[in-house]
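Next up: the structures, one after another.
Below, subunit A partners subunit B and then partners subunit C, in two separate complexes.
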Partner chain A sequence: MVHLSSFLLKNYHGGYVVIRLALAGHKQANRPFYRIVAAYNKRARDSKYIEQLGTYDPLPNIYNEKLVSFNFDRIKYWIGCGAHPTQSAAKLLGLAGFFPLHPMTITVAERQRAQTLQAETSTAEEDMREQSQKEADV
Partner chain B sequence: ANQSILHCPAARLLSPRSAVLLEAVRGRKSRGDPVAKSKEGRIKEPPPVDPVEMVVLRERFSEYQLIMRALRLEFKEEVLRKKYQEETGSMAEERAKQEAEEHRALMAWNDQENQRLLKLRMLRLQKEKEEAERKWVEADIQREQEQQELITQREREILQLQEDAKNFITLENLDQRIEEALDNPKNYNFAINKQGRVVKQTVQQ
Partner chain C sequence: MAALGAARCLFRSHSRVKHVQKSKHMLVKCGARTLCSGTKDTDDAKPQFTDPSVQDILTRITGLDLQKVFRPIKQELKPPTYKLMTDEQLEQATELATEQAKKLLKMPPVLQERKPIYDVLSVDKILAGTDTAKYVFTDITYNIPHRERFIVVRETDGTLRKANWEERDRLIQVYFPKEGRKLTAPLIFKEENLKMVFSQDRHEDVLDLCLVQFEPDSSEYIRVHAATYEDLDKHGKYELLRSTRHFGGMAWYLLNACRVDGLLVDMLKKELLQDAVSLVSLFHMVHPHSESAQEAANQQATGTDLLKMECGLQQRGMQQVSILTVWVVVNMLLGLKESCTEQPDWRLMYSTKMH
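Right after this comes the complex of A and B.
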């Protein structure tokens, strides 16, 4: 394991800034809650960040919504200063409309749609086959 | 003809530049731990890739990265413009002017306050000086009065003495006085009871 103490010095600037999801420290089992955060790359996921830029609640609420919040002004600033968003952060921002839609969201949606269509056609074929067998028996 | 084949997007799939085998990077086993029994003959393979989907995905990714690059440059420009405006824009000059005016006004107010307090202080000092002078004067008067009283007291005593001196016994009066004393015997005895009644009439010895 790389010894990280030299990376965690206060004014270490060798790394770069990322915009990523960090687990908010609520310490409840099976109830995650993420903060969208600008942090240095080599820091641990949940440890000290530079600035919080939003939140993301992955479990849907009573109206079946997943709530996300963004501070677009500060996100613009950090991306202007050269921050890289992670994949999930980029996907969320794409769904929000701030970024273009991430290609993986589109491909995953297409795959799911293809799967459901296939399942429907296979069940329709089975029904057809059953009907033809019954006719043949009769 | 070769060049045209290489230009079309499908050619990127057929000649991959990097064929990376996934290595074990993280996990809870350390270096010397053996492979688990359930995973002994396992050969890990990457998930199967659909070439049509891959082509489409590559196109989408290239578009996405183009847009992202453009956005990044836009945001960088905006940040720089804001910084520039902050430091050397029209607003900065106005703000500097306003701050200078505020500073001048505050300094003037401060000077006025100092003047006012100075006047008050001078008045107070004057009063205190006068008080002190008055006290000095009063003390002097007091001292003089006391001295005068002392002098009068001494004079009174002297007069008293002078008057007493008339009744003194001298060598000339000695015989006369002795005879007078023998002629008038004085009796200083008296009686007193518990109630405080004094009785000066006593039996002569």
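Right after this comes the complex of A and C.
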């Protein structure tokens, strides 16, 4: 039995269900904690959702792990009902292995790698220049 | 008549005691090996802990001391309730109590140590260096058993692997907390602290804590249990575990290590002949190729004859001093039962021999 969203929302406003990260514990500053949630698209990010599907803690713990939990059974159900995951939710699912890797993950990784390479080569060039200058001085 | 026979045995054993004292150290090792030689049978033929016959024997030797099972544990302070009962009602209440005690005395499982997990699901070198921390993904679906749950780690170098057992236990405790279990193991399970606790005779508490904290097939659980049983065996404090659920596990461990001598001596001292007999028969079931088992099969000995033969064999093997005196004690007790005459002062002789 497919979940029937509110008729008005769907037909008049063109609303749909999304799987996204909602910030939890908004009274705590500097300590983010996300809930992975199935909610209507038009709702505010942190307000009433349809169902909670998991959690994501972006700060690493003492074992240097970022804990993510997914209720795969319910995620499969909502995707079957036509829910769209947001970019960050899709990235997390890609890292988990449930989805294929998100193209932006790969793009960001490649860009980072290119940047580090460039930084390395530029520092190497600077070192070379310094060395040649010193030799010239001497 | 019986007293003469007993005195003869005593004289014989006394002469041998002197020789045994000197060669005890060398021969104890040989003795243990001869008893356990030839135990290279396959796991299929060997009786397992879960076999109904084995479980039956272990429950019998555990005993059922209602006073000890239902002794007051640390609880909220409530005033005691008193009930006025007839004799019949008291009997029914005791029966109910015995059933409840049997449930409480259910033995915790004894399993092989679990094999480590090395599964790698995918290797993505592209992601190497993108993040400084690993991601751990847990499946929170409610209806699946914890053993089948998917817990997966994406490392910093991009490999996606299954989490190993320690990570699994910790994360399952985070998302599905079990009462009494902590995320990090309590410090009591470290070696030094275990020694201290054992000196305070609190083996049972340690084993209960261990049962709550660890999975039965984890290496920590097996290590703590082995340490506890070793300590009990070394000091001979079998009485601490006598009517608890851990007694069967201890007996099984000692059987597999072929070190039932201490336990047997303790049982005979407490005059639990039936328990001693069942222990010996269990030993023959678990080690069917040992010397004593083969002798028993040849002679088809049962009951107290089995005990006498077992002690006799060990005497021939010239093992520990204690077994010799046990043989004496057994003969004395049997002699007593036959004659039922005046009390000989064998207790005096026995106590002098033991120390």
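By definition in this document, the second predicted complex is superposed on the first by the 123 of 138 C-alpha atoms of A that agree within 3 Å, B and C clash if a C-alpha of one lies under 4 Å from a C-alpha of the other, contacts with A are read in each partner's own complex, and residues count from 1 in each chain.
As a working rule, contacts are C-beta pairs under 8 Å (C-beta built on N, C-alpha and C of every residue); 3 or more make two chains touch, one makes a residue touch a chain.
These figures come from a predicted structure and were not determined experimentally.
Annotation for the three-chain superposition on subunit A: subunit B and subunit C fit side by side.
Of the two partner chains placed by superposition, only subunit C is touched by A:T105; subunit B is not. In the superposition on chain A, A:R113 contacts subunit C only, with no contact to subunit B.
In the superposed model, A:G54 lies in contact with subunit C only, and not with subunit B. Shared-chain residue A:S88: touches no atom of subunit B or subunit C. Residue contacts after overlaying the shared chain place A:G97 against subunit C, while subunit B stays out of touching range.
Contacts of A:E65 after superposition: subunit C is touched, whereas subunit B is not reached.
Set against each other, subunit B and subunit C touch different numbers of residues in subunit A, with C touching more. Looking at the shared chain after the overlay, A:Y77 reaches subunit B, while subunit C stays out of its contact range.
After superposing the two complexes on chain A, the shortest C-alpha to C-alpha distance between subunit B and subunit C comes to 14 Å. Common to the subunit B and subunit C contact sets on subunit A are residues 106. If you check the complex, the residues on subunit C that touch subunit A are 121-122, 124, 126-130, 132-143, 150, 152-154, 160, 171, 174-175.
In the complex of the two chains, the subunit B residues touching subunit A come out as 53, 56-57, 60-61, 63-64, 67-68, 71-72, 75-80. Remark: subunit A residues 76-77, 79-82, 99-100, 102-103, 106-107 touch subunit B in the complex. Here subunit A touches subunit C in the complex through residues 54, 60, 64-74, 92, 95-97, 101, 105-106, 108-110, 112-113, 116, going by the rule given at the top.
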